[in-house]
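Multiple structures are listed underneath, in structure tokens.
Common to both upcoming complexes is subunit A, partnered first by subunit B, then by subunit C.
For the complex of A and B:
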């Protein structure tokens, strides 16, 4: 299956219409694709919040917001690959706790940043391989496998430590990863490390998904695994790759989390998996596989993050965050269904 | 169900919320419990219990089991450690069964355990839903059922703190600190848990304590940190951005207070102009933060190990048919770097509670 034919599976793709009439193509993209609708909603929300809150558009708030969404976005990148590949990983929430306590214990024991990071990433690889092995080797639904893994990892996090693992190493570079700034760019401001890491991860995997053979294989395997297999694509290999990427990126976000919290919390990440999966689905990915883009995921994460940010800036009871997030996802799904009907794709 | 903590895990925000709910005990819901007559005598007896010098004729129960609701939390680990140590002094066989926030498992456990032990300590997953079962069980087995955290129908007595009073204490402390160090300016962020009566009582107590010293003090933002550090960091970040004049952060537990502090630091705020006020101080993180000399200067300590002792002592008293009041208030104190050493001794293995000093804390006027 070639790249072009695969991209037509993606309802978010402009599919070349813009080459003839750029403005019409842009309008079509804005109003008839998931990414376009998300972008419009996000812009509208930003305009409203800017008018209602004097601090919303401030440099400080923008970077606070971007730092806040970084953990979700990094994990959502991996989850997008996995969902496009027709699998899912519910264990990413518990990974925040498990990887966090293990990495912090390693950091305390070694006082070596790279040792802590290496252990975190290794844990992500192992969890990804186990998830892949059980899902693909035993042909068990990944929902079930990773639900079990979610429970196992949470239990292990509690087993490893009775309480949060506090920072006993005091490495400056470690704290910087969570709350430090990489540089001051004139006219932009101080860029937090988590934002830079997120940007690097996003660009790298956006290129991988859209410009490489493995990226095309992910869409092929997710869209029609049987056809992909008959075309010589290793379904097992591609899905294992997606599981491992998801595990590693969840581990990276867990590492940033412990740097931000300055402790490995065994109760971290409750409900994080739903937040991540919700954003990926809101971004246009389909649990049926073969559909979804990282741009869509990014816009969805930004939208949900902005909404949460706005709720607090406006002094609305923050308990509404959960309900409003759910409502937004529901609205997005309804809009998507309506859009699909309009273009005759249902 | 095994007699040691059954540790089947589950997840989700609801679980986290419920967890926090049940940990952060609603003494505010406690019955009007000013003990009088025999109840007062019973309470005094419990507070003065000494396993090596029991009143004449007292019998020691052979076994006690605590059905906890969320055993993985540091509060319950320290509480049950206190119970176990006290039980050992009495030579009582002590066990713990954890319901892990499962109401059905909690009620099944208490029914299974009741015939096998002499004293039942019980932390309800949901006090209202547990009431009928506990009431029926108390009538059926006729054994002491000592409740912890939340008042539940059928319990012999409740052992828990007064959340409002503890919040008020640290509120007063914060007001005095702001008066002396911030020129009387007090703009507070409340990292709360509005879904629960108990934690609302803590926040209310703090606000009223603060305003009792500084009537102009303001709670400029109240956010729901859900009792979890990662959530507390997130919501505090937004609130601090919206209200850069915040100079006091109050958290309804250690994680909430520390999460608020992390958010403040991540925004590059001047921590010399910040006061962080915590609640609970059951863990090492709070105590280390207090001793570090930073902005985390005071916490309403709940002394879980001591409360564990009170639970066992109340059980022994009730086993000997001593009449107890509806609520035995566990002590709390505003602990700081200056007085933490009065209540805890720092050793190689962490902080050891000084029970003698804790027992001297007055609970007069608390209910």
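For the complex of A and C:
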């Protein structure tokens, strides 16, 4: 059985349940699926880093790492849905700036946390709907539509403020979202709010993607939109849903970002979209649609985050981060191309 | 059975092709296992087998598309190893696939000489020589096709001839034809067989892949039967019978291809009134509950368009479609499905299957809501239903989680049948467009039985096909279409092959295309 055949989800049943020999099944999963290989590489990297740096495995560093990747991960959850559904959204980077400045301004004006959050989410919904409307209504490639949106939103953020909207409301709960801790759990440590939010988002959407009809339809629409339509699935509805989810999750991540920075900056999120899309592809999703899992995306985000963390811990010039990230994305895209070729050869 | 111990070995000529112990393994399946085939000059050697039996894999190895994992291959006595299609062409082997590799925008002559244009002394392309040579090549085949015409303007049958002429321009000694008649009218098939006879007389060897036993009877000298990736037998066609061939192919005796039971026809179900658009012209007919209405027509007569138009998946200019009293909206397949219609499209891979998804997910796609509370899928219920249909339809798959892409064509078709059967509770009318295209005999009989059973539950069936025997075998009533119109309506008792052909035939004889010869100059 090829790696591809195993990796492809029959969405809806627990992984490995049908395997008669659990150990052999586990071995195949580890070595033949994208998720398995990512897990092995991640574990290897962790072992190496904890040998090289005494700080790496410390509680503090682990939670710093997890906090750092939370923004990428939250947005990557939406992006996974979208890429599985055979669309893409390049505007999530500019949304970090646009939603950030708008939300901060709202917080300053109202001094109400929920008003700020509501405006951020509303902005995410609107951007998602506009992206969906242009892509589906005018039948323009979402790559082009969202590239335009990327520029528009960045421009709007610049017109909104010269550099940044500072925190003028001093709401305590607001800062907590970015840098606070939910509780001290004995034996584990203090868990940062962003990590908790990320976990909730991940679990909710992992269940949605694998256990609900809408999740199944996302795979069907991405795998073959014609067939899905002729089987009674609303391709418009499903794709619009994916765009809106991506917009909302990008807005949530923007909100956490302003809480962390304590200001809404108009240059926030430069290159963020590539980081997110790169992680999703590295996680095994295919731009051809119909393939990809949130577990894969999570492992890819963890791997990229750990690598960046290692670069810093080992005192390597942090300029290398970008180059290394780019290299990994290239590897991810090459793997995707190879998968597609393998399938095309049937 | 032939007299000589090794059938066909009596022929004197040295084999053009000798394949020995060929083995090919794909992830999870052994596609070919220890297969021997040899082909001698001037013979037509048919490859016969059910879907997934290994014929396609064998010709792809021959074409240099796949590399074999074991065995030896000799062409004209020399051992060869093809790493790419160019290697195969270099040994003067030409494969004519169902999807022809022609460039639509280029002329016939340019296609024939593609990759090796004749040059004038000054190094420019010699178009005059190219056209003349093309005309000669086509004339050798007994054809008159204007060499200057763009290939895109030719009929499929003529394009096929261009491919064959292209093979001859490279002195091909072996031409492989993969189901060449699947898109041809009876008259065009006759022309093709004339061409094959000429090729034979010139010593060209032909490997002919087909499901159609009558064709193999007509033109093949020897036949090699495949089953499950192995060669069952190689025999002289004259010494076999169709019944024997089917038995070899299926591995058992097949008694009743059309298990037609007495229909239980109820009241009117579907009323189509003056439906027009997408090439359809004033189509009116009705279907009763439990009735199987066959729709026959040649390629391009509009039968598949009719299926889509009924379903709201093709543009409609006028007319109405009413199912059980409810009007079906145009351009809105979901409305049709909600009102009880189902459509099995003629194009499995493009419009039917979600290739990367598993067998189970493909089966339940149209009926998923049945297995869900609100939106939450009850995995157990879904698995049980899918498993039941894998069992009932005899779908060969290693597991329910196998991506449907890895199934053979016949099994994929059964998955799509299951998709609509899983909706049986709310299904009133099922439109089947070429449900058995490219499917082997054994699976065909099973699909006919399923259709018959569905009709017995009171579901109306519209069965569209370009193949006469199955229409005659299964339909209670037959509509014949030509150029987007219904030209005849025949009851089961009065329908005959001749009547269907007469009503479907176009006025102008399709091939040979009698073009004025001076049009080329």
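Keep in mind that, in the parts below, the second predicted complex is superposed on the first by the 310 of 346 C-alpha atoms of A that agree within 3 Å, B and C clash if a C-alpha of one lies under 4 Å from a C-alpha of the other, contacts with A are read in each partner's own complex, and residues count from 1 in each chain.
To be clear about the criterion, a contact is a pair of C-beta atoms (placed from the backbone, for glycine too) under 8 Å apart; a residue touches a chain by one contact, two chains touch by 3 or more.
Note that the structure is a prediction, hence the values are computed from the model and not measured.
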{"item": "Subunit B versus subunit C as contact partner of A:239, first or second or both or neither", "value": "neither"}
{"item": "First (subunit B), second (subunit C), both or neither touched by A:86", "value": "neither"}
{"item": "Subunit B versus subunit C as contact partner of A:274, first or second or both or neither", "value": "first"}
{"item": "Subunit B versus subunit C as contact partner of A:290, first or second or both or neither", "value": "second"}
{"item": "Subunit A residues touched by each partner, larger count belonging to subunit B or subunit C", "value": "B"}
{"item": "Contacting residues of subunit A [partner subunit C, same complex]", "value": "1-2, 4-5, 8-14, 18, 211-214, 216-217, 219-220, 223-224, 226-234, 290-291, 343, 346"}
{"item": "Subunit B - residues contacting subunit A, complex", "value": "7-13, 15-16, 19, 72-74, 77, 194-195, 221-224, 228-230, 233-235, 237-239, 241-242, 244, 255, 258-259, 262, 265-267, 283-285, 288"}
{"item": "Contacting residues of subunit C [partner subunit A, same complex]", "value": "27-28, 311, 313, 333-334, 337-338, 343, 345, 350-361, 365-366, 368-369, 372, 375-377, 379, 382-383, 398-403, 405-406, 419"}
{"item": "Sites on subunit A touched by subunit B in the complex", "value": "53, 55, 58, 60-61, 64-65, 67-68, 93-94, 96, 150-151, 154-155, 158, 162-164, 166, 178-179, 257, 260-263, 265-271, 273-274, 308-309, 311-313, 315, 317-319, 321-322"}
